[in-house]
Structure formats: C-alpha cells, structure tokens
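Look at the two complexes coming up: subunit A is in both, with subunit B in one and subunit C in the other.
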Partner chain A sequence: MPSTRTLARRRDGLTSLLMAGPATALYTVMLVVPVGLACYLSLTDWDGYSAQPEVVGAANYADLAGDPALRRAVTVTFLLAAAGTLGLNVLGLGFALLLNGTSRANSFFRMVMFYPHVLSALVVGFLWSAILGTTGAVNSFVTSKGGEVLPFLSDPDWALATMIAVVIWAAFGVNVVLYLAGLQAVPHSLIEAARIDGATRWQAFRHVTLPALGPSVTINLVLSLVTLLKTYDLVVSLTAGGPGGHTQTIAYLILWDSFHDGRLGYGSAQSVVLMLVTALLALAVTRLRRRGEMAVFS
Partner chain B sequence: MTLHSEPAAPERAAPAATEAGAGAITPRAPRRTRTGPPGRRRRWLRTGFLTAVAVLMLIPLYVLVVNAFKSQQEILTSPFGLPAGGPDFSYLQKVFENKQFNIMRGYGVTLLFVVCVNVLSIALAGPAAYVIARSAKRRYRALMLFFLAGTFIPSQVLVIPVVYVLKTLGLMGTIRGFVLFETVLTLPFSIFLYAGYIATIPRELDQAAAVDGAGRIRTFWRIIFPLMRPVVATMVILNTFSVWNDFVNPQIILGPGSGLYTVTTGVYAAVSQYQTDYTVVFPTLLVAIAPLLVFFVFMQRHIISGLTAGASKG
Partner chain C sequence: MRLRRTERVWAGAAAALLTAALAGCGSGGFSEDASSDSGDGGTIRMLVNITPNLTQEYWDKLVKPFEEKRDGVDVKIEAPTGKGVADTLQQQLAAGDAPDVVETLMVDEALAPKMLELTDQPWAKKAPLAKQAALKGKIYNVGIGEQAQSLVYYNKDAFAKAGIDQPPTTLDELTAAMGKLKKAGYLPLQTSGEFVTGLQLLQLSDPSLAQRHPHWHRDIGDGKLKAGESMLPYLELYDSWLEKGYLDKNAMGLKNADGETGFLGGKSAMYVMGSWFTASEAAAEKDFEVGVFPAPVAEGQDHPGPQGATMAAPYLILKDAKKRQLALDLVEYLVTDKKALAAQLRQDGNFRRGFDRKFTPLEKQVQQILEAAPAGVAQGEGYGDDTLPRGFNAAFNTEVQGLYTGRSPKDVAEAVDRWVESHS
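Here is the complex of A and B:
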C-alpha cells in the first residue's frame, strides 16, 4: 500500500498536470502541430479546400528556384531588411543618446517618436499612401506650386525607398526606448572618468558607451532584422505590392500565392524557407556580435 | 532572442523595460556645468533639432486630422491647410453610416476579442508558469524550453497550416477558432515572463499557504497571482495591442465571408478600394485610431514599457 507521502506526491503531480496541461495542449495543437504541418503541406499541392492534398514531393521546392517573382521578393525583402535595420539602429541609438536623462521635454519627444508604433501597420500604410500617392497631399501641394508629380509610390525604385522610409518612421521609436533602457546600464562615472582623462565626446562614446551597450545593440539588431524580414501589412496598405509587383516582400508573396492563387502547398514551402532563413540570420547576427564583444573586452 | 539564451533574462528584462518606460530613469550625475556660450549653443541646437524631428513625426497626424473635415476638392487644393470655413463633420458622420463596415460594430467585435484573448491567456499561462517556476523537475524545465521555442515562430508562417488545423477541427471562420489561435500566439511570451516573475516571489509564501491547508491551485490564484500585477499588466497591454492591430489572422481566419470585421480588417474593407476618395480615407482612419491614441497619451508610460518588453521577444 502506498504511503501517505507517495500519495501526496502523486496528488501534487496531478495538480501540476492540471495546471500546466491546458496551456501545453492548446499550444501543441495550434502552434507545434502547425509547424510540422507546414513542412508536410510544403510537399503537397494543397489548395486550401481539398481534405486530402496530394503529395508532390519536392516539386514546390524545385519551383522556388525558378520563380522570378520570388527572386524579386527576396531582393526587395533583403534591401528593406538591410536598409531598415541600419536606419532603425542608427536613429534609435542616436536619439537615445540625445534623450538620455529625465525631463518633461525628453519624455515628450520620446512619446512623439514612439506613437506610430501604437498604430497598426495597415493604418500607417494607408495614411502614408494618402500623403505620398500621385494625388496625395504632398503631390497636390507640389503641383499647385507648378512642380512635377513626384513618383513616391509609382516608380519601382522610389516606392521601395518610400517603403523603407515609412518603416523607419513607424518603428524607430521602439529602438530609441530599447537603447535608452540599455544606456541605464552604462555607469555614468565611467564616461565622466574618460572625459576627465581628456577623451573627446566621440572617443568616450566609441570606447566606453558603445562597448557597454553591446547586448543592447545585439537585441536591437536581431529584433529589427527579424521584424523587417516578415513585413506584410505595410506592403498591403502602402503599395499593395506595386508598382508592377516591385515592392512585394516574401511575406506578401507567401500570402498572395496561398490565398489569392490557392497554392497553399507552394506557400508552405516558401514559409518553411523564410522560417529557416530568419532563424539562421538571427543566429548569425547574435554569433557575430558576441564575437565582436569578446574582441572588445579582450 | 538573445534575451532567451540567458537564464537570468526575465528578471533583468522586466525591470529594465519598466524603468525606461516610466521615464523614471535614475537621476543623472550632475552634468559638467559648462556655462560658456558653446554649452548653451549646443543645448539650443539640440532642442531645435529635436523640435524639428517632432514636427516631422507629427505632420502625418496633422494631415490626417485636418483633412478628415474637408471636402475632396479642398483636400486636393489645400492638403495642408486648416478647413476653410470651419470643420465639416459630415464626412465623419458618413464613416459611422458606412454600409460596408459598421465601425461601431467593429469596435464591439474587437473589444470582445481583446477581452477573450486576455482572459484566456491569463487563465492558461498563469498556472502553467507557476508550475514551471516552482518545480525543480527536469520535465518542467524542458516544458519551458518547449514554450520558448514558440517565440521564434513568426505568425505569418503559421497561418497556412493553422487554416488546415482549424478546418479539421471545424473552427475555421468562427470566433472560437480565432480567439484560440490568438491566445496561443500570446502563450509562449506570457509563460516566459510570468515564470521569470514568479521565480522572484519567495517560496515561503506558498509554504505558508500550504500549512493553512490551501491546495496549489488556490495558492496560485489567491496568493501568488495578486502579486503578479505589474507583469500581468505588461502582458495585457501587449496582447491588447497585438490583437487590436492584427490584420493577417482575422482577415484569413475570420474571412471576408463571415461578415465579422475587427477595426483593422474593417479599415481595409472600407479604405482599400477607395484609396483616392480622401473623404473616405481620412475620416475612416481617424475614427479607427483616435481611441488608441487617446489611450496612448494617457497611459504613455505603461504602454511604452509594455510594448517595449514585448518587442524584445523578437
């Protein structure tokens, strides 16, 4: 007969199961299973309706290689991610340094830089397309002064540049706040000491503040990169992928191919690749940064 | 992501973010007092520059507000001017009468989703995090890692297979299916944040409750949960905004056929086909964002810290 102690332990185990079970079960069904399913569906020709999708093997992956739309989307996404990550972090760190310190004015400026993040990317895109479109606010103003229409959203290169600028406008406030949090970890006495020893502001920043900010920089870089690689809502509302598909990102193409063209199998193959690339890039940045930090401290 | 590789992260991440958001940044050591002209000029330059940036940031909002009260003709001829002859409220009124998208209903539906997801998320993640934080067993530490892996999966990648799962379960196009999926998306980070926070609460509290005869479920809800208020508030803010602003999931899971619009999918339905009719675009966008912005201005500190804590989950 089990002792009261084993009984109590068994009851404890049961309670634990009761407490953690529902979350685990739901998470497994709706997140873990789908990840596995994405891999399976990527090997099929599922159209979103049939109950029994046919297995087509690696055909979807073979199609990936020869898809010109995908090649263009990859270029667009990487340009957006690279330029965006650079812009977000330069502005984020720059303004964090300017706003470091408590004052009413600083918290006002921080709020003004942060507010676009509260809005949905969809709204941000519609708003900017009403401002920068061919008949938008800026062009109405320019033409009323006798100028030519500026092709912010109607020329492929301009449209991509516009999109990068809007992404940065909408998101750099988050980076400012994250860098401000990181700056709290930099002992002010260190900077004082460097300045007293005759270091210029730039030298103190380069050799004291920046190394101490190492982990913040890593977080910000990875965060911006991962977020930008899955840009979707903004594309829908700002350019709808246009002109002529020249601003389609990978995420846009995945959902377009899947739900507009009914090729969910092919879309799954694209998303499996996107998932892997995102994970690898994030890992690579973390690794590189870590090595960089080691070099600074050794 | 780097946050997750270090076990000490939750304790560190939460307070850091709160501090930044609260603006209650540790008082600075006294600035080197430079009273000479260069110092003053530098300060003026800084203020001037920041003011210019603030104006740049606010111009889109200004354009949105002034043009919501103008006729198409006036928007086209003077896009940056104040409405001549006073604001015309008829365009705003039309937003409320839009047949394609009933915005008040959109607000109702969205609020319902926000409440359901938050309640369900807390009810599921809270106890699970408690068990994980309080158990020394290896299997619960593995469970934490299992949940953590979920923070790396972008939801756009999930939406295709989730459609398959929901169809199999007969939940596609239903409120239940949508709420369950949105809740699952909140679980990994909630559990991560909650477990980290619970670990900082002394175990003596649990033991005292046990001595008084409370079971573990009761101990959690009665003793531990009330102490978790700050971290739960952070998660509620984060989940509220992510459900409110989500576009892909409601658009695909609820679908245009269901007639169920959130504020975000409703804006898409109302605006995307009339993008050059600015008397539709500006008033609709204004009505869609005004409550959020007001909420933001009043709860600025909490929202910034909440959303920033969420941002660092990657």
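Here is the complex of A and C:
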C-alpha cells in the first residue's frame, strides 16, 4: 500500500497535469500542430486544391536556393529587420527618456506616440502612400513650388527607405511604452547616488540607467526583430512589393507563392525556413543580451 | 510518388488545420464526394468578387429575381474573406466549407477536378468564350460577355492640340503621336504601379503578338517559343518610350486609382486599359471628351488585329455543390436571362457581341471595336488550353517594372523566361 506521502505526491502530480492541460492542449492545437503540418506540406507539391498532393521530398527546399525573388526578399527583409530594430529601439528609448514623468503633457504625448500602433498596418500603408506617392500630398506641394518629384515609392532605394521609416513610425509607440515601464522600475536612489558622486546626466544614464534597463532592452530587441521579420500587410498597402519587386519581404513572397501562384508546398518550405531563422536569431539575441546583462551585474 | 489513403487523410487534415491556422476558420478535409441534392428550396452560396463596381448590394439585387421565381430559395452572396476569391476558395475547400458557385476564377488543371463540367448543358455552349476557355474540350466556365483588353483610351482635346487627326494604327504611328503629345505639354501615356504596368504592356501587344505568334501559349508550353524572348520587341519599344519621357519615370509610385485619376484629370493623353474602364470614365467629371481606339499593330500587320479578350463574370459550379441542380439553375439564369445579363454587362463595363444595351458614347465605340475585331485572343496567363503557369501575369508585371529601375529589356525578357521555366 502506497504511503501517504506517495499518495499526496501522486495527487499533486495529477493536479498539475489537470491545471496545465488546457494550456498545453491550446498550445498544441494552435502552435505545435500547424507548425508540424507546415513542415509536412513543405515536403509536398500541394497547390491548395488537389486532393492528392505528391510528396516531393526536399525538392522545395532545394528550389529555395535558386529562387531570385526569394534572394531579393531575404535582402529586403534583413535590411528592414536590422534598420527597423535599430530605429525602433533608439527612438523608443529616446522618447521614453523624454516622456518619463507624470505630467499631463507626458501622458498626452505617450498617447500620441502609441496611436499609430492602434491603426491597422493596411490603413497605415494606404495613408502614407497617399502622402508620399508620386501625386501624393508631399509631391503635390514640392511640384507646386517648382521642384522635382521625390521618388519616395518609385525608386527602389527610396521605396525601401520609405518602407523602413513607415514601419518605424507605425510601431515605435510600443517600444516607448515598454521602455517607460522599464524606466519606472529603475530605482531612483541609484541615479541620485550616482549624481551625488559627481556623475553627469550622460554618465548616470550610461552607467546606471542603461544597465538597469537590460531586460527591457532584450525584450524590445527580440520583439522588434521577430515582428519585422514577418512584415507583410504594410508592404501590400504601401508599395505592393514594387517597384519591380524591390520591396517584397519574405512574408509577402510566402503568401504570394502560396495563394497567388498556387504553390502551397513551396510556400510552406519558405515558412519553415523563416520560422527557423527567426527562432535562431531571437535565441541568439537573447543569449547575447543575457551574457551582457550577467557581465554588468556580476 | 502518390500518397496512400491514410496519407491522404492526413493531407486533408493538414490542409484544413493549416488553413484554420492561417485564416482562423473552421475544420474539415479533402472531400471527393458530397451530396448533390437536387431539391428545389434551400440556401445556395455564391462566392463573388467585390469591387467598387460590384458591391454586395449589386449582387443581392442581381439574384433577387431568381429568388422570387423560386419559392423558398435563398442565394447567399459571400464576399472573399482572404485577399481575393482565389485564396478564399482554397481556404474554404481545405476547410470542407466550399460554396456552391464561384464567380471570377478561370478554371485550370488544379481547379478542374473540383468543378462541375458543363459541357452537356446547351446554354453553356452558347456562352461567350466558353469554348475558348474549355479545358481539353470540357466546359467548366460560363460568363456573361467579354472584356475587351486591347484598348487605348485617349483625350480628344489633347490629340487636337497635338495636331493628331486620326488615332494611330501602327506602333510606329503610336510612337510618333506620343512625340507630338509631349510637345503639346501632355504626358503621352499614363501608367501606374501595382498590377497596371505589366497588364498594359500585355494589352498593348496582344493584337500584334497574336499575328506574329498565332499559337503563342501552346508554342511556349511545347517549348517552341520563349515568352520573354517573344515579348522582347515590345519591351524594347516600351523602354524607348520611357527613355524619351513618354511615360512618367516615377509612375511606380502611383496606385491604379491614381493612374485613372491622372488620365481622367486631363494630365495625360492616353491610357491603355480594358473595357471595364468605361465604367470609371462614365462616373468621372471631366472637361474633355474621351475616345478609344484598338491597340495598334506592327508595321505590315492587319489592323485592327485580334483583340485581347477575357471572359466577363466567369462562373464555376463546385462539383460538391450541395444543391447542384439549384446551382445549375442559378448560373443558367445569370448567363441567359436578358435582364440579368444587361445588369451585369452595364455594371462592370462589359460587352457581348450582338447584345444591345443602353450605351454611353464611349461604350458604343468599345462595342464597335469588339464587333470589328477579327478574333478574341487569350492574354498573358490565358485560359483554357491556352495557358501559361499560374502567376505569370504578376511575375511579368514585376519584371516589366524592372525597366523603371534601370534593367535592360533583354534582362527583363530573360527573367520572364527563367520564371516560366521554373514554374512549368
């Protein structure tokens, strides 16, 4: 006969299982199964309609290497992710420092900063294309003053820069909020002590505030990076991938290849690779940041 | 290798779940057999294209007389929940929740097994372009008329100011006219980004290309011809227009609607577009008259040449339609009832040879062009047995836009050929 302690342990185990069950089931159905299915479909030639997709092995993965559209999309996506992550965090932290107070003006500006994030990315794209398009508000003004049309959306380099700027404009409010939360957790006494010891404002920020913000920086970096690697809807409404495919991102191409060209198997292979790269990058950034944070606090 | 039965079941589940994950919708699986109840009453679902012209209200009004004639019948109009009709249907099929009738899509090898063959329906054979759009002799698509593609709309005031008495009939004459229009202070040819750039070049080249390569699609399919290489003369011509400033080098920063506005606002002199543009023209306020002429051809070719033509409002019936007979009756009504036809033709600027309706002056000219065309030809991606790999039009558009970013016509042609090769 099992002892009372064993019975209690079993009961605790059962309770834990029951408590974790719904969350585990939800996680499995919403994440594990779709990811598994995407992996399976990436090994087929499924076109989205046929009842009998053929298993083609690693052929879709082999095709990825020779796809010029994908090569271009990879470059665009990584430029967007790198520049966007940097911009979002520099601006996010900068504005958080400016708005780190409890005045009414600060509350108002926080709301203003966050507002673009509330808008749908599709709306943001259409809005900015109406402002920056060849016949948009800015160019209408410029040409009315005798100037040349500024190719915000018609030149490949300008279009990419415009897209990065719009992405940053639309999303940096979230970074501001996250950094504000981080700043409010930094003990004021630490900064005061540094100032009493003769540190300048910059020195206090550099050697006290910034190290204390370590976890916030990590969260912001990873969130920005992961979000930007999946950019899709803003591309649709701002540039439609143009000119000449120069602003197509990987996510845009996945949707296009899958549903427009009817190559869901190939699109799934792209998705699997993007998922792995995103996970690896997020992991690498987290690890590097962790190491940095440990070094600061050790 | 082919999948075994168990694997097929898994594939079905995979499709449904992936779709559910992507679209946040229900579950289901591949289903080859479904009930095909021929009962009279009940609800029938029709997935349609919703555009500024084709609104939900328009569709509801269109099917209302059918519902009134058939007691207890409710035609449920469904708008795409995804990016368009194609991906919505894919999601619905995978989820086992497909509608009974679909409007807008042209059947291809992938879609055909899911669709009801209409070859034996006498009314289907009479539908415009039904035989041309047939797949290996089998009719699946039926439509209400034709969309003329190879049309050049022009600003009559601009032509008069530039001293152009007659619309050009050859591509050389068109180039010369552009020079005069530029001197007169107009942007000669309006274009824009999005899907418009490549579409216009296809529309413009149809009549000439069809005479140069009468079996263009099939020859490409058989490997006798290359799509990009055969389009090279037109790409070079287009590039020369771009260099001469006959096209706006910043046009890729324009959306389709901006392009239309540019032309209807009187800033540009010509606009290449399909017959549906007549609906926008009729609705626009403008202080000049718009004319239209068929796309010019190369020197020495017959003019007018074959007109690029696509089926207007193509309908398909799902093989698994729960109310198959009712679906057949509905589609027959939509493609044969005179009032329904007139409403559909009028609403989206569509035309049908020999079918008279109340025309605007511009529409009358389009109808005359359509009647005078020696033939209608499939354009770009095409339809029926005249098809290129799915996605060709979009890929061609992307490559043509490359001309605006400094790529040479030869590079563009080669890129098009690489795309066709990798997708064949």
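Here is the rule we use: the second predicted complex is superposed on the first by the 267 of 298 C-alpha atoms of A that agree within 3 Å, B and C clash if a C-alpha of one lies under 4 Å from a C-alpha of the other, contacts with A are read in each partner's own complex, and residues count from 1 in each chain.
Heads up, the rule we're going with is that contacts are C-beta pairs under 8 Å (C-beta built on N, C-alpha and C of every residue); 3 or more make two chains touch, one makes a residue touch a chain.
No experiment lies behind these values; they were computed from the predicted model shown.
Enquirer: Putting subunit B and subunit C onto subunit A via the overlay, clash or fit?
Expert: After superposition on subunit A, subunit B vs subunit C: clash.
Enquirer: Tell me which partner A:P34 touches in the superposition: subunit B (first), subunit C (second), both or neither.
Expert: After superposing on A, A:P34 lies in contact with both subunit B and subunit C.
Enquirer: State whether A:L70 touches subunit B only (first), subunit C only (second), both chains, or neither.
Expert: neither
Enquirer: Touch test for A:L253: subunit B only (first), subunit C only (second), both, or neither?
Expert: A:L253 sits against neither subunit B nor subunit C.
Enquirer: Now for A:G133: first (subunit B), second (subunit C), both, or neither, which partner does it touch?
Expert: Touch partners of A:G133: subunit B and subunit C.
Enquirer: So in the superposed three-chain picture, is A:D12 touching just subunit B, just subunit C, both, or none of them (first/second/both/neither)?
Expert: Once the two structures are laid over each other on A, A:D12 reaches subunit B alone.
Enquirer: I'd like to know which partner A:D47 touches here: subunit B for first, subunit C for second, both or neither.
Expert: Touch status of A:D47: second partner only.
Enquirer: Would you sort A:G241 into first (subunit B), second (subunit C), both or neither based on which partner it touches?
Expert: In the superposition, A:G241 contacts subunit C only.
Enquirer: Would you sort A:F109 into first (subunit B), second (subunit C), both or neither based on which partner it touches?
Expert: First partner only.
Enquirer: After lining up the shared chain so the two structures overlap, which partner does A:I164 touch, if you call subunit B first and subunit C second: first, second, both or neither?
Expert: neither
Enquirer: See if subunit A has more residues touched by subunit B or by subunit C, and give me that chain.
Expert: Touching more residues of subunit A than the other partner does is B.
Enquirer: List the residues of subunit A that touch subunit B in one complex and subunit C in the other.
Expert: 30, 33-34, 37-38, 41, 46, 48, 129, 133, 135-136, 240, 255, 259, 264, 268
Enquirer: Touching subunit A in the complex: which residues of subunit C?
Expert: Those residues of subunit C that touch subunit A are 1-3, 7-8, 10-15, 17-18, 20-21, 30, 32, 82-83, 86-87, 90, 93-94, 110-111, 113-114, 193-195, 248-255, 258, 261-262, 389-391, 394, 398-399, 401-402, 404-405, 407, 415, 418, 422-423.
Enquirer: Going by the contact rule set out above, which residues of subunit A touch subunit C in the complex?
Expert: Listed in rising order, the residues are 30, 33-34, 37-38, 40-41, 44, 46-55, 63, 66-69, 129, 132-136, 139, 149, 151-156, 159, 239-246, 255-257, 259-262, 264, 268.
Enquirer: Once bound in the complex, which stretches of subunit B touch subunit A?
Expert: Going by the criterion above, the answer is residues 1-3, 5, 16-17, 19-21, 23-29, 32, 46-47, 49-50, 53-54, 57-58, 60-61, 63-64, 67, 75-80, 124-125, 127-128, 130-132, 135, 140, 143, 146-147, 150, 152-154, 156-165, 180-181, 183-185, 187-188, 191, 215-217, 220, 241, 244-248, 252, 264, 267-268, 271-272, 275-276, 278, 281-282, 285, 288-289, 292-293, 296-297, 300, 303-304, 307-308, 311-312, 314.
Enquirer: Mind pulling up the subunit A residues that touch subunit B in the complex?
Expert: 12, 15-16, 18-20, 22-24, 26-27, 29-38, 41, 46, 48, 95, 98-102, 105-123, 126-131, 133, 135-138, 140-141, 144, 169, 174, 177-178, 180-182, 184-185, 188-189, 192, 195, 215, 218-219, 222-223, 226, 230, 232-233, 236-237, 240, 251, 254-255, 258-259, 264, 267-268, 271-272, 274-275, 278-279, 282, 286
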